[in-house]
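Okay, so subunit A shows up in both of these, paired with subunit B first and subunit C after.
This part shows the complex of A and B:
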């Protein structure tokens, strides 16, 4: 670092020297360097992101059963088929309901944990780690524990053991869709895995709230507790809440891992949109056209949700939170 | 991180008094116990015998069957060692590749003046609108036409070009102190030299954070390895676990031992790098 070259010594005006340098030789050429740095990424992005998206849109307009280089153009038939002749629309409705449950509960739990941890003075790092730790666990491993140990339908499952102490009969949580106990299994699993991550986001945001705000509120007579939370903390967390809700929504529509492992693709209930696409495109019928049409619809839906939510919650904020 | 918080907590504590504080610790301890139950179950079941797991009365502590470990790895029908190896290769190479490719691109977009840099950046941003999981059908089509099914290439390469990671790096480098780079320029380094000698060594915390996230998501990925791994020899740990669940021939204690082993390295990585991870999340933050 301290090796000053002769240039540096000869020219006292260092700023000028660095201005002049980029013009000289290859290593200073900005355009070339720009492509050198971004090139590998951009090439990969085109091949593995843009091409699949484009190909998908193209396939969705063709009769593409068992083939990915179809020649028979069918217009919007694939869209008609996936929207009328399949379980795909049902799964979209189911997962809108699923999102309506999981998004607010995760939001509330992670915010609650953040508020709790934020007030701790001792063992703060310990508790934060405990709540954050499930983030490291895969949905598959969690599904295994939930299905085979906690909510195992037989008597040795933890839940049934505990309920047994109170004289409750064994419940088969996953055997049938009536009553829909399986939602309890799925929701608790997702809460467990997700809450800690979003708690970290809320914690960071809580620590960015200026202490003067609380002091000013106290002077103005705001009662600590609910009033301060409602009128100071919550509005200050608005940006983070927006981001968290958005991330949770997108994640809910893309649910796959735990449903695939807990419910399975053979069941007739709780099939996620991605599971329907998986079955359509990679199942026995190998209908890439309809599968792609479904993928396009799902992507559009997620885009719309993203934009709408950004509009509703994001842009209104401006002055208020500053 | 911890220095700013006690202000708020301290203020409240004064009013809540000792009673409020005790209540707080009771509440947070109950929550923590609930969060730890699944970890307890994995370890308990992994070190039990089958009759202990399925027994009539709940056994709080297992009989510590450490031989379950060797039994799992000796079981030829399961090939668990093979899938552990596959997961390791995939997660490590994916982490290294992503760090290299995305950080370079992020730096280029943040720091190198180029007329059309903005347009390129918008093209990267646009990919964030389409979730990668949704494009698994066409991605599979592409990868299979390249002949990459059942290969490490197929498992790793399509996942390297994350628009989101590139975006995070760009945001981070925008906040990197310019003076350091200018000093490097005075010393006669070009963009490339300044990047490797000055920028990267001074950004290791951030690299560690991204590495942790990438490693965890690479290790835990399910949908893509499921689509690509048609043959059991190319299964990752997650696919192997999933197959144990549907396939009734594997014993309980082995399934749970496999789960424990699949989680343990990750938990260690996680606890070890947690500080940087928390910092990274807070920094890049979805702060607003």
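This part shows the complex of A and C:
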């Protein structure tokens, strides 16, 4: 691509030649090719991403109840409202705690699974598939199974039945926030669904580590087990780990489905930022102004965190950083 | 080895098939089902939105009524799941908005010009309606919705269980707490108030002798009685005598039917199913009184028809609503009494509804008349959500009720200021 560009720029006469040999000319016209290939994507991006973002910012300065074409300008009132007189700030704290827990645990679990599956001598394909399968399950379906069958509060819920054998009283996992059993429900569900997918990523990375490295380490006297893992495997997985952590963070930011279905909107705990915004804008209050103000704040936060993470972990810096 | 590659091949083909199906699903989703059927009928196309009623036959009934209308082609969107409001309100902003929809009276819907003034079609039969149902739909002398059904909510109880435990029907919240304790056995919990306790968020206000907001549109729920009620509910919540995390919520009769609890909060709509399951072993009572100033209460909820004022076919929609919910008394009675039990808001129909004349349904009607509180159109969803947080924070969570009510006041005041200046 870069050679074609210099070609086109260096020889303006190519335009004439293009009439004689159109196929070559098409290849030579870099600008046209650029728009041809990125155009459709760019149009989609503008319509489905940039326009809504712009619209959202505009809405956040208006009194937009039951309408997305408001006329009453209110300045920063919506921001004041969502930051001081709503549950949105609390939800940011909830989410941060959630992310701080789920990201490292999923990372560790999927890496552990990958290491185990990688060492298997037989039934490898079977176990790989078994652990990967939950990825195909929708969060909503899984949430309903977790809520109504496994962690149901009545005596015939699966967990309560099992605990009942040991004489433990029935536990209401979701109704009562103290002790916060609901985290057990949510975290196990998310781990179950996510771990398999990231395990596959790690598995691919593990298989890409050259065997020579381990041989050389063994010759140099590195003990198999922790030492080899710490100084060979883990550094070799750096790029994958960074990507996995970034993906996990994004997934945690977008957490909605299982919270919405398991906790519901009639609680004041375990409400993710998206749920609060959903309640504000799309729920029964229909306050698109305040909802948009929250969305703008959330977008800014995501931008900052992603940039900071890129700075610290060097995601996307490419090969030269090695 | 050959077996290995063979298994690889088959797995890949499975993934390919799965991917193909996913792609097909996406394409099918693009098909654009906007709820408007192919224009086979004569005249206008109308779309109506209903939330999914739980009783068998309700969807078929609504579609049957619509089919009988000759002047327009009416398509029904029967919205399942628990987010009817979200689906309705977001669709109202788009071109696919319904022309006719059911909801509860909401001042905000009127103020934003979302619902059409229906005074001209209701006025001729206004006297036939329950005055409270007219009042709750009236803003500045104009009537904005037609009440289809009134749904009183009260407690159901198993007579046999109360007799066995030697418990009288509770009339105060204290007695309810005691009864719950006595009725709880190894397998049965004393009482079920719904999974998140918000079903009784209005009754505890009324039973404590307070009101949601008063006639001058000022906060009226923040009283000592309500605080006491919240504290007692917290006591009940932590007592272990209340059914929590049940598979179904208060609006479904299953918890009582399946013997998970002895007393359950519910709606009159559940009565036919409960009677079928439990026979005569079933009684009802209003929400018990709280504190010295309290009195028993029943929440008269219900559903009303509204016409989308921003739709393209306002006149046709009004004509349809007038035909079905004003003129077709047979259908109205069928809708109110043939599936779940509801109280017809129109006196003439209520008088002829024989199913509600005797036995337990008649008792339900009596509770509705004697203890019932209707919706206040100005106590809107934002305020109700704010009060739901009070329940969450001070009943399910161990928060201070005063602090929770203060936080609620702040949100409600902002909303009141927006509505009334």
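Rule of thumb we're sticking to: the second predicted complex is superposed on the first by the 273 of 322 C-alpha atoms of A that agree within 3 Å, B and C clash if a C-alpha of one lies under 4 Å from a C-alpha of the other, contacts with A are read in each partner's own complex, and residues count from 1 in each chain.
Definition applied: contacts are C-beta pairs under 8 Å (C-beta built on N, C-alpha and C of every residue); 3 or more make two chains touch, one makes a residue touch a chain.
Fair warning: this is a prediction, and the values are worked out from it, not measured in the lab.
When the two complexes are overlaid on their common chain A, residue A:117 makes contact with subunit B while staying clear of subunit C. In the superposition on chain A, A:136 makes contact with both subunit B and subunit C. Within the superposed three-chain model, A:264 lies in touch with subunit B and with subunit C [touch as defined at top]. Once the two structures are overlaid, the count of subunit A residues touched is higher for B than for its counterpart among subunit B and subunit C. Contacts of A:80 after superposition on the shared chain: neither subunit B nor subunit C is touched. Touch criterion not met for A:230: it reaches neither subunit B nor subunit C.
By the touch criterion stated above, A:72 is placed in contact with neither subunit B nor subunit C. Of the two partner chains placed by superposition, only subunit B is touched by A:44; subunit C is not. In the superposition on chain A, contact of A:311 is made with neither subunit B nor subunit C.
Residue overlap on subunit A between its contacts with subunit B in one complex and with subunit C in the other: 68, 125, 129, 136, 148, 154-155, 264, 278, 282. Within the complex formed with subunit B, the subunit A residues making contact are 1, 3-5, 7-8, 14-15, 17-18, 21, 26-28, 30-31, 33-34, 36-38, 40-42, 44-45, 47-53, 55-56, 59, 68, 113, 116-121, 124-125, 127-150, 154-156, 158, 161, 192, 196-197, 200-201, 203-209, 211, 214, 218, 224, 239-240, 243-244, 247, 250, 254, 256-257, 260-261, 264, 274, 277-278, 281-282, 288, 291-292, 295, 298-299, 302-303, 306, 321. Residues 63, 65-68, 81, 85-87, 125, 129, 136, 148, 151-155, 157, 169, 172-178, 264, 266-269, 278-279, 282-287 of subunit A are the ones that touch subunit C when the two sit in their complex. Listed in rising order, the residues of subunit B touching subunit A in the complex are 1-2, 4-13, 15, 24-25, 27-28, 31-32, 35-39, 41-42, 45, 53-56, 58, 101-102, 104-105, 107-109, 112-115, 117, 120, 123-124, 127, 129-142, 145, 157-158, 160-161, 163, 166, 182-183, 185-188, 190-193, 195, 216, 219-220, 222-223, 226-227, 238, 241-242, 244-246, 252, 255-256, 259, 262-263, 266-267, 269-271, 274, 278, 281-282, 285-288. Remark: subunit C residues 4, 7-8, 11, 18, 85-86, 89-90, 92-93, 108-109, 112, 114, 187, 195-196, 198, 237-238, 240, 243-247, 260, 380-382, 384-385, 388-389, 391-393, 396-398, 410-411, 414, 418 touch subunit A in the complex.
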